[in-house]
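Have a look at this one.
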Amino acid sequence: MTTMTYADAAKQALTEEMRRDPTIWALGEDLGRGGVFGQYQGMAEEFGPERIADTPISEAAILGAAVGAAMSGTRPVVEMRFADFALCAIDELVNQAAKARYMFGGQTKVPLVVREPMGMWRSSAAQHSQSLESWYTHIPGLVVVCPSTPHDNFGLLKSSIRCDDPVVYMEHKNLWALEGAVPDCDPIPLGVARIARTGQDLTIVSWSSTCHEAMLAAVTLEEEGLEAEVIDLRTLWPWDKRAVLDSVEKTGRLLIAHEAVQVGGFGAEVAATVADRAFSSLRAPIKRIGAPRVPIPYAPPLEDLLRVTPERIAAVARELTR
Amino acid sequence: MTTMTYADAAKQALTEEMRRDPTIWALGEDLGRGGVFGQYQGMAEEFGPERIADTPISEAAILGAAVGAAMSGTRPVVEMRFADFALCAIDELVNQAAKARYMFGGQTKVPLVVREPMGMWRSSAAQHSQSLESWYTHIPGLVVVCPSTPHDNFGLLKSSIRCDDPVVYMEHKNLWALEGAVPDCDPIPLGVARIARTGQDLTIVSWSSTCHEAMLAAVTLEEEGLEAEVIDLRTLWPWDKRAVLDSVEKTGRLLIAHEAVQVGGFGAEVAATVADRAFSSLRAPIKRIGAPRVPIPYAPPLEDLLRVTPERIAAVARELTR
Amino acid sequence: MVSQKTTNVDIDRLLKHHALMWRIRAFEEAALQAHTEKLVLGAIHPSIGQEAIAAGVCLNLRSDDLLTSTHRGHGHTLAKGADPNQMMRELLGREGGNSHGKGGSMHIADFSVGMLGANGVVGANIHITAGAAHAIKLLKSDRIVCSIFGDGAINRGPFLEGLNWAVVFNLPALFVCEDNGFASTTSTSSVTGGKGAAARAEALGIPSLTVDGNDLISIDEAVRSVISSIRAGNGPRLLVAKTYRLSGHTASDPDTYRLRSEVEKAWESDPITNLGGVLRRAKVDTVILDNHESNARIEMAAVFSDAKAASWPPLSRAFEDVQDIGDPRQEAF
Amino acid sequence: MVSQKTTNVDIDRLLKHHALMWRIRAFEEAALQAHTEKLVLGAIHPSIGQEAIAAGVCLNLRSDDLLTSTHRGHGHTLAKGADPNQMMRELLGREGGNSHGKGGSMHIADFSVGMLGANGVVGANIHITAGAAHAIKLLKSDRIVCSIFGDGAINRGPFLEGLNWAVVFNLPALFVCEDNGFASTTSTSSVTGGKGAAARAEALGIPSLTVDGNDLISIDEAVRSVISSIRAGNGPRLLVAKTYRLSGHTASDPDTYRLRSEVEKAWESDPITNLGGVLRRAKVDTVILDNHESNARIEMAAVFSDAKAASWPPLSRAFEDVQDIGDPRQEAF
């Protein structure tokens, strides 16, 4: 058990995995000098430039080459720098990585991890702030992971690296410096939610950075006598339907909070699933809180307006339980 | 009023608009010889190679150039050939076209139409069959249109061309040859659903090709004494919430059917919205029918297994109304 | 453009090529027939007229070398050693196909012979090639990876990004551009700036060689020398093979964008006829050459019958091989 | 590498350049100061050391010519004629910024002077340039479009696709590569195959010219001649300007990947000092030159104060200018 940052937890996980398995390698821009967020700091010194590979600014080639390398006996960990830049490599991710195993009838697998740092990060504006996790949940073949704590970033990255499927691994940029306990633990299984807090009165489902807002909201609500159950999905595909359905069967009320644009966000999938499978347990409308359908603005006050805050979550929770 | 195919209706609309406004031009691969589905047949003869422009196989440049051209006094109509190939141009569509107006504080607009022929088309396999309309609904700045009839393909394409926003215009490949009446009509407004059939017992929401399956299901259900209201959304952003909510308030039952993968599909957004805003009217769980989370296989019997058929729709409708 | 260099060539080697080219031709004809009979409903892109490239390139690859291809990949796959029975079953979407009928023509692949797949996205195989070569280098193997693509593909980003990648990491990759002058209905010269693939590759630091793609002997020699350089660790190479697509772009292409006279003229440089002529002039018994043709046709007729008779894949196949975690057999929705 | 060519040059013209370069320098320093004071919280990419390119290129553009830029776009925007007050307000996210504070540094744009935007995606402006030039051609205007990008951008697909596009359609486009040797912390020579931008453009059929990017006189001359060719309808051109980024990649870059001595040495070729030297040798009164510096600093100090004092954009701005159809002011969810 050690305390470390979210960034270091990932570095620790990757380092341990690379020591264990010589076929694992990381590739991306500026990794040799530690990566833009320092997530690879010192790794080139330990593993050398072949396994911590500096690439040209060629997102499409980075991801496309990773597909070929994953089909040929290695396990690439791809760094996309900002999730937004992965949009330069969508054919490679969606038409190639995700489909190769199926199109080729199981003749190959594509064991790669694509790290896509996501989300708002002060004044990064429209092309450096997006949360597009719901896109990947829609693509057969992809696994989608959104860790919210240092512990999860350690354990889920390990599982993602060991997974034989292409995994879209989305770390939230605002969490890099978050400190937390990381027990000496086994990999954390993909697809299992974390019940961050139990409660009887309503269920709040969230993931990534927004979990922390949900937890803050839950504290406020508790002071008002409302017990919220907070579920951190951690993995969006596969997602832990059982945990959510069980919770809603208990509380009868569901609120889903995420940073991404609400329209077409993964909250819709959670809501739709519950509106089908736990309909009879529902005692109130299902509520979602996400960003308005607006690109992320640069100016801090405008940016803040789009955020999902503990206050917004608590307000909707109150409405739900009224 | 004339009878024409879905493909010809679009050609007619584009032709009329190009005659009206000399700043409109179309660009894409093989357009000079009519386009791969014949949707541009004869147009190069009328408008010349400058306005029906043959391009290199450079999807990213096609879309990216259209952004620059749209910001500089012309109205490009971009042909992507297959929606799947637009995945080679996602940065251009999502980071550039959709965001330019906002990032630049309204200094510019990006009036372009991206035609993305979508959906299953016999044995086209995983890279030529996708329905990714839900992705675009999640992106602020984009308008998303999915016409299902020749009439709509005529009127909605006209409106899309006249629209000052980037429009993702998704024609279904299986509908090219569909014939139907096209009245001499004004453009059809974007964002207004078509009530394809009225009914009291349940609401079926759909769009694109699947509307036709829904209508067939409704005929079967009628024979069994069930009156389904079938709503063709036509535009997915903005979508006609009022039409759907009104219908569900009347019927109390909602089924959403679409060809796309169900997980993360736009059906989830419709379901989630109704589970919030029409909760008290609901008399049954909300049901969705979409494709399983599986790439599209090539072999006909496997491909058929993934389809949303009238039988599947009718079966779920029966279940809902039991 | 027929090669006259018959000195120093190994007749047995040429016979092998000749037989293989006929097998590819006969396979493509059977595939076209399957399309006519509506046994293949999706797109088929025949490589008729381009067989010398498939043969000349792939017969120089070791069986553990790797290969990626395009939409027009039947010939390459067969030449790399795939079983035509499995291939034809794949084209017909049947059980016993390389990919259980789940990929079809545009995704033909046989990993057991190092054929990592055709691709439905023009140019996408270039990156995959770079990555496979990267893996090979990391694993310190002496294999090489070959990527075949068309002249239309050189206008997509991967041509720059993937070739640059191969140079930067000094990878064992052989890039082959099948320059047939067309991309679907469009003459590539009308949409290609500069002098084409070779000049672009040179500018990226990749030595390149242009050969007559209808002259098996030239290709064979060029590929052999280029591969030995690549295998020696000298980094990537590009080969541009000038050729002509004698069939339509797809099986259903009315081919109205080319003059009939142009196509007829091109038949005079049919690569199989070319090589046959060389062999005849080298006094090879005509019966042997004719047998190549007839054996190939017999073989592929049997292949076609076998595929026709094969059953559909069981429906459960639809849900297999998607992924391990989040497997649709557990949760499809 | 200081140009000695002072004959035939128009001193007034050089003075204009000199003043502009100082204004850019002073603007960048104010922007860095704003970052230090935490008035700018996002990334800032200063162009210190590269001012000769901005000036030499943009002063040769007509005010109705168009320009696109990269993440490092302040200098280009200012040189194209944008108002520094509006720009600084934009950097500080204030009302009165060019984009009402919604874009910030990486999206700096002033359409009123033909500056169509910086871009947060490396290379993305190349396609936009090709398209703007395409529109200009369709509209039969005699304007031209200039695209400035870095040496890192030439490894992305748009360099190939966009430049090829410009050749194929014979467009009035000037591509300018600011070759400062680095892409963030990475030396571009380590990730670039072949001889770089000029060779690649030539291979695509675009004549190119390489100049010392720290020598304003060379750039000015090169750009002038190249633009007249482009405006005459001769198609696109590439200019490669060799330079050095004297500041860090961003305002918060510790810049540990370059030797201090290397950076210090590079300061000796500071383009402003270079041009100042030329002018001094041409007997221009030193006071005039010094005034350029002090005036620029005074101007930008005022610009900075103005921006600091400016109010935030009203919150309603967040919902404006997204789209007409499906406007979030009507439906945001």
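Note that the chains are named A, B, C and D in the order they appear, and that numbering of residues resets to 1 at the start of each chain.
Methods note: a residue touches a chain if its C-beta (ideal position, glycine included) is under 8 Å from a C-beta of that chain, and two chains touch if they have at least 3 such contacts.
Remember, it's a predicted structure, so these values are computed and weren't measured experimentally.
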| item | value |
| --- | --- |
| Chain connectivity with chain C absent, coordinates unchanged | one piece |
| Longest centre-to-centre distance from chain B, chain (CA-based) | D |
| Comparison of A-C and B-C (more C-beta pairs in contact) | A-C |
| Distance between the centres, which are taken as Cα means, of chain C and chain B, whole angstrom | 36 |
| Between chain C and chain D, centroid-to-centroid distance (C-alpha), Å | 45 |
| Centre-of-Cα separation between chain C and chain A, whole angstrom | 40 |
| Length of the line joining the C-alpha centres of chain A and chain B, rounded to whole Å | 30 |
| Sequence positions of chain D contacting 2 or more other chains | 100-103, 107, 119-121, 155-158, 161, 164, 168, 190-192, 317, 322, 326, 328, 331 |
| Touching two or more other chains - residue numbers and ranges from chain B | 55-56, 58, 60, 84-85, 88, 91, 95, 102-103, 125-127, 140-141, 237, 263, 292-295, 297 |
| Chain contact graph, described as a line, ring, star, complete graph or other shape | complete |
| For the chain C and chain B complex, residues of the former touching the latter | 40-43, 93-94, 100-104, 106-107, 119-123, 152-153, 155-157, 183-186, 190-192, 256-257, 312-313, 315, 317-319, 322, 326, 328, 331-333 |
| Of all residues in chain A, those that touch chain C in their complex | 23, 25, 50-51, 53, 55-56, 58, 60-61, 63-74, 76, 91-92, 95-96, 100-108, 140-143, 163-165, 167, 190-191, 237-238, 241 |
| Residue ranges of chain C touching chain A (in the complex, touch as defined) | 66, 68, 97-103, 107, 109-112, 116-117, 119-121, 124, 126-136, 138-139, 145, 157-158, 161-162, 164-165, 168-169, 317, 320-326, 328, 330-331 |
| Residue ranges of chain B touching chain C (in the complex, touch as defined) | 29-30, 32-33, 36, 54-60, 84-85, 88, 122-128, 262-263, 290, 292-295, 297-302, 305-306 |
| Chain D partner contacts - residues on chain C that touch it in the complex | 155-161, 163-164, 166-168, 190-195, 199-200, 202-206 |
